[in-house]
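In what comes next, chain A is part of two complexes: it sits with chain B in the first one and with chain C in the second one.
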Partner chain A sequence: MTQTAPRRKLPLKERYALLTRDLDWDPSYVTKEQLFPYTNYEGIKVHDWDGWEDPFRLTVDAYYKYQAEKDKRLYAVLDGFAQSQGHLGLADASYLNAIKLFIQGVTPLEYAAHRHFAYLGRYLEGPAPRFAALCQSVDELRHCQTQIHTISNYNKYYGGFHSWSKMHDRVWYLSVPKSLFDDAMTAGPFEFLISISFSFEYLLTNLLFVPFMSGASFNGDMPTMSFGFSAQSDESRHMTLGLEAIKFLLEQDEGNVPIIQDWIDKWFWRAYRMSALVAGMMDYMLPKPVMSWKEAFELYFEDQMLGGLFPDLEYYGIRPPRHVQDAIAEKDKLSHEVYKVLHNFSFAASFTTQAPNEQHMKWLAEQYPETFDQHYRPVWEKHHRIEAEGGRMFFQGLPQLCQVCQIPMVFTEKDDPAKTSFRSSEFRGEQFHTCSDGCQWIFEREPEKFVQAWLPVHQIYQGNCGGPSVPEVLEWYGIQEGDNGEYKGSPDHKSWIGWHNGDVEQGV
Partner chain B sequence: MAVKALYDYDFPSADRAELFGDDQLVYVHWEGNPLFCSAACFRVPKALGFGEFVETVVGPWAASDPDFDPTAVRDWRVNGRPLDGSAEAPLTELGIGHKALLQFTA
Partner chain C sequence: MSDTLRQVGIDIQESEENRGLVAAIRADNPELTVRHLPGLVKIQAAGQIVINRESVERELGREWETGEFQLAIVSFAGNLSEWDDDRIIVKWEH
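Moving on to the complex of A and B:
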């Protein structure tokens, strides 16, 4: 055999150009408008698609090689965890309620993001953003899979982890994340980029993702921490894509600026409202809390975004999101108001809740010196009194929901933590309720869209959720006896105690 | 501002009154009681008398709070306006329409 000389290796930049942009062509059988029908109607103007800078210059072969290595490391951790009964090393079984919320609420969003980035990978006109969207689409699918695989370990031992996909489509608190993504996916491709890539991935990912992952590491959940690390480098690529998308669109045409500002105003508030679930989780659901919601909000949002990013965007004529001051004004209240919902309604949830104990309340009072002792401690003490008398207070009925964010109407006026905030709008002779100035503004901007909201409470009352009684609705949700309710005395709690005392054998 | 779309964007509301027939949705908020995270939503007959509504619908819900005293219920308001009229009158005659917000203190 004769040896051939090794082929010349191309420099990275050239390889990238050949393997991405150079694969583009001009259509000859159809017009450009027929090939890309969705890039005009939102009013965004792009004059030069080649102006898109890809900061990573990733190619398919490099991408797969890199991702495969990360997967190998993650699955080694998962194997070790399963073999060494790692689930017994958690801080407490109640920690897993946070992870139930994660797989029901976040993992399906990864899949939704995978779907929509695949659509962008087809329908954006420029080859470079198409390729970036394709990579992100594959990332999102990988995140969805690694989360399912990781969390499935817990499904062998604890309740509430089954049927998460069905639950995401049906259960009341999961309509909060689901409706946000449905809203984004039914918008045009550019609005989707600003909603998910910028407002969600850039502005709020750290605030949403880091607390879960630090919470995992603090509470002995190594597998969740590992998939977090495995996703982290992708997340930073997604954040860069979000920033590149917004800068590219702002530079292409001055007329794009007000359209994008409007989307930032809408999507900051949508994503922020959804993050309220994370606030409740951080402050109340972690047996070993990491940092308070307030501290995380100040660090990841006020310092990094308002202090770092928005001064840069001012150059393009972009100002901080409308209603951002309202978000800042409620940082001392948000988690307490939202966890109250979960505690009131956990009889209809696929996780359990409990009132914070004395030690936990001490921590909360330290974190929230302005509000906790005055407004929230007395209510939790009343719950303690009810429980001491053998009861457990649940909300005997269904809550009023916000037409936009779909969270029960629990939020209070910014200057009065004791006064519930009600906003109401009329459209085509019908009354619609929203929880805040932010959600009301979003509703009134596109009422034709939000009147179609699938509000779980109203759907139950229309008879579309399995039947009129609570057991029928729970069955339709896929929630099994013991997945729900109070944590103390729940099957998870009992198994945990039994396994640690050696009274109960696992798997029996 | 209208929704930007490639076609005529016109869809009915998902919770319009006609879907509930002779019934309607009403919201009830116990002001100043943080034991309940939010107002409650009920489906009730439009023709239901207000007094009966308070006794058979609001009462059992409010009783989730062991300190609830039905005789202390007062200051009813509908969409922010004080409620005025006889306890016998049906909800709709008192201006309590589909998705109206009722508030009380106790």
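Moving on to the complex of A and C:
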């Protein structure tokens, strides 16, 4: 037997160079333009694709090794939770309404992201960004699958988790996240990179995944916390991709700077508006809240992004997003205004809502000393009075939606919490309505695109949603009796009490 | 561009393994702010945060590849300005 010396392990940088860039080749029987036909029409100029640096220096062997380890850890948590009847250890069954919103609204976005990153993995011209996009595509598919697996465990015991992908395409509040991704996926490859990788992943996913997942942990939902942190550890790589994309494009050509500034302005506001749903989830849908929307916004957005990142980007001539001051000005109002809509319209949603109880209102008043007691407590106290008399207020009628973000027109003027913010623009002789200066600016920049928006309310009026009555529309949405309405007295609430009293048998 | 040192940050999952990692980061970056949230540890520092492979190995008592940091990290703020076999540095670039 011959003795062989142990194989020398290559340093990270060398391994990355060999396994990524050295596996690339120049086309010989088609032109570069034929091979990569989509990277020219947005006006972005790239002179040297090798200028792309991947700080993670991720190679395919390391990628699968670490991802396999992450999945192993996640599925161990899922098994332990299922085997120990973990769902009974939640803070309260009402917590799961946030998770229903999550699987209806977020999980399909993971799949959409997977699709578009697969496309970038094929069409970006440099081998390094192409490989980074490929890994992200696989990550997003993994996130979609792990979320489905994790949440399906709750579907055995609680309502509202069935038909979520159908709902994503049809239900009114889900058109908010869907329209954002539809907008991004119908843009060019570089706008997609700035919209999703930079504005969404780098600027804003922290607000979605970090404090909310910490909240899942605090409310006894280990599986969601595990898939959330497992996904977010991929997000840290995705954020690197977003940050690298923007720096690379800004360094390649001066002419790219104004194009990218416009995209930052558009996509900051677009993604920020969508995250309003998360604000409602964090402040109102966690029985044991962890961090208010306002605090998370200050910590992750104002301190880290505006205080840290944007001074860095100033070097390239990039300024903070247009309308960012409007977002800061409404941090005391956002979650309250959004949750009021969800509460008023939950007869047409696939989750239930309830007015916050006294203890929860005390927390909200501490978190929002400037606004809660003055503007929002009276509303909730009115709801409590109506309920004490045996009623429950649901808003009858259909709201007007913003043509861009598709959220009902519930936001108020930044300097007047009593006045609805309402903008209107004319295009081809028609009026189009938007909820804010940010959405109006986005509309007027690309009116040809936004006039095509699929607005759920308009679609109902046009007869495209199953029929004119509420039961017909709910049936078309896939919402079943008990999925919707008030939490107190709902099937989930009754089962929860029954399981804890021992009156209702488990697992039936 | 700012003259003051801006904050950078790393959020790390709370776990048995990661306690050693956090201890190593604490040892090598004396000016840290460490905040515990349910399920995670949020570390912030002015200027930069350095993670040295040798320090992590000393804390864990085993070999550690810098790539394993991917299993621990939840989020970060800053540029990953250096990532090689021996260390990772997070700081702003400009």
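Keep in mind that, in the parts below, the second predicted complex is superposed on the first by the 496 of 508 C-alpha atoms of A that agree within 3 Å, B and C clash if a C-alpha of one lies under 4 Å from a C-alpha of the other, contacts with A are read in each partner's own complex, and residues count from 1 in each chain.
Note that in this section a residue touches a chain if its C-beta (ideal position, glycine included) is under 8 Å from a C-beta of that chain, and two chains touch if they have at least 3 such contacts.
For clarity, every value in this text was computed on a predicted model and none was experimentally measured.
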Clash or fit, chain B versus chain C on superposed chain A: fit
Chain B versus chain C as contact partner of A:303, first or second or both or neither: second
Partner chain in contact with A:62 - chain B first, chain C second, else both or neither: second
Partner chain(s) touched by A:315 [first = chain B, second = chain C, both, neither]: second
First (chain B), second (chain C), both or neither touched by A:91: neither
Which superposed partner A:185 touches (first chain B, second chain C, both, neither): neither
Chain B versus chain C as contact partner of A:422, first or second or both or neither: first
Chain B versus chain C as contact partner of A:397, first or second or both or neither: first
Chain A as apex of chain B and chain C, Cα-centre angle in degrees (nearest 10): 150
Contacts of A:365 with chain B and chain C, given as first, second, both or neither: neither
Which of chain B and chain C A:148 touches, first, second, both or neither: neither
Overlay on chain A, chain C to chain B nearest C-alpha distance, Å: 31
Chain C-contacting residues of chain A that also contact chain B: none
Contact set on chain C toward chain A in their complex: 1-2, 6-9, 11, 13, 37-40, 66-68, 70-85, 92-94
Contacting residues of chain A [partner chain C, same complex]: 11-13, 55-57, 62, 66, 69-70, 73, 205-206, 209-211, 213-218, 225, 229, 232-233, 235-237, 239-240, 243, 247, 290-291, 300, 303-305, 307-309, 311-312, 314-315
Of chain B, residues touching chain A in the complex: 1-6, 9-17, 19-20, 25, 27, 29, 31-32, 34-43, 60-61, 63-66, 79, 97-101
Residues of chain A that touch chain B when the two form their complex: 37-38, 41-43, 188, 337, 340-341, 343-345, 375-376, 379, 382-383, 386, 389, 391, 393-401, 408-410, 418, 420, 422, 424, 427-428, 430-433, 445-446, 448-449, 451-455, 457-459, 461-462
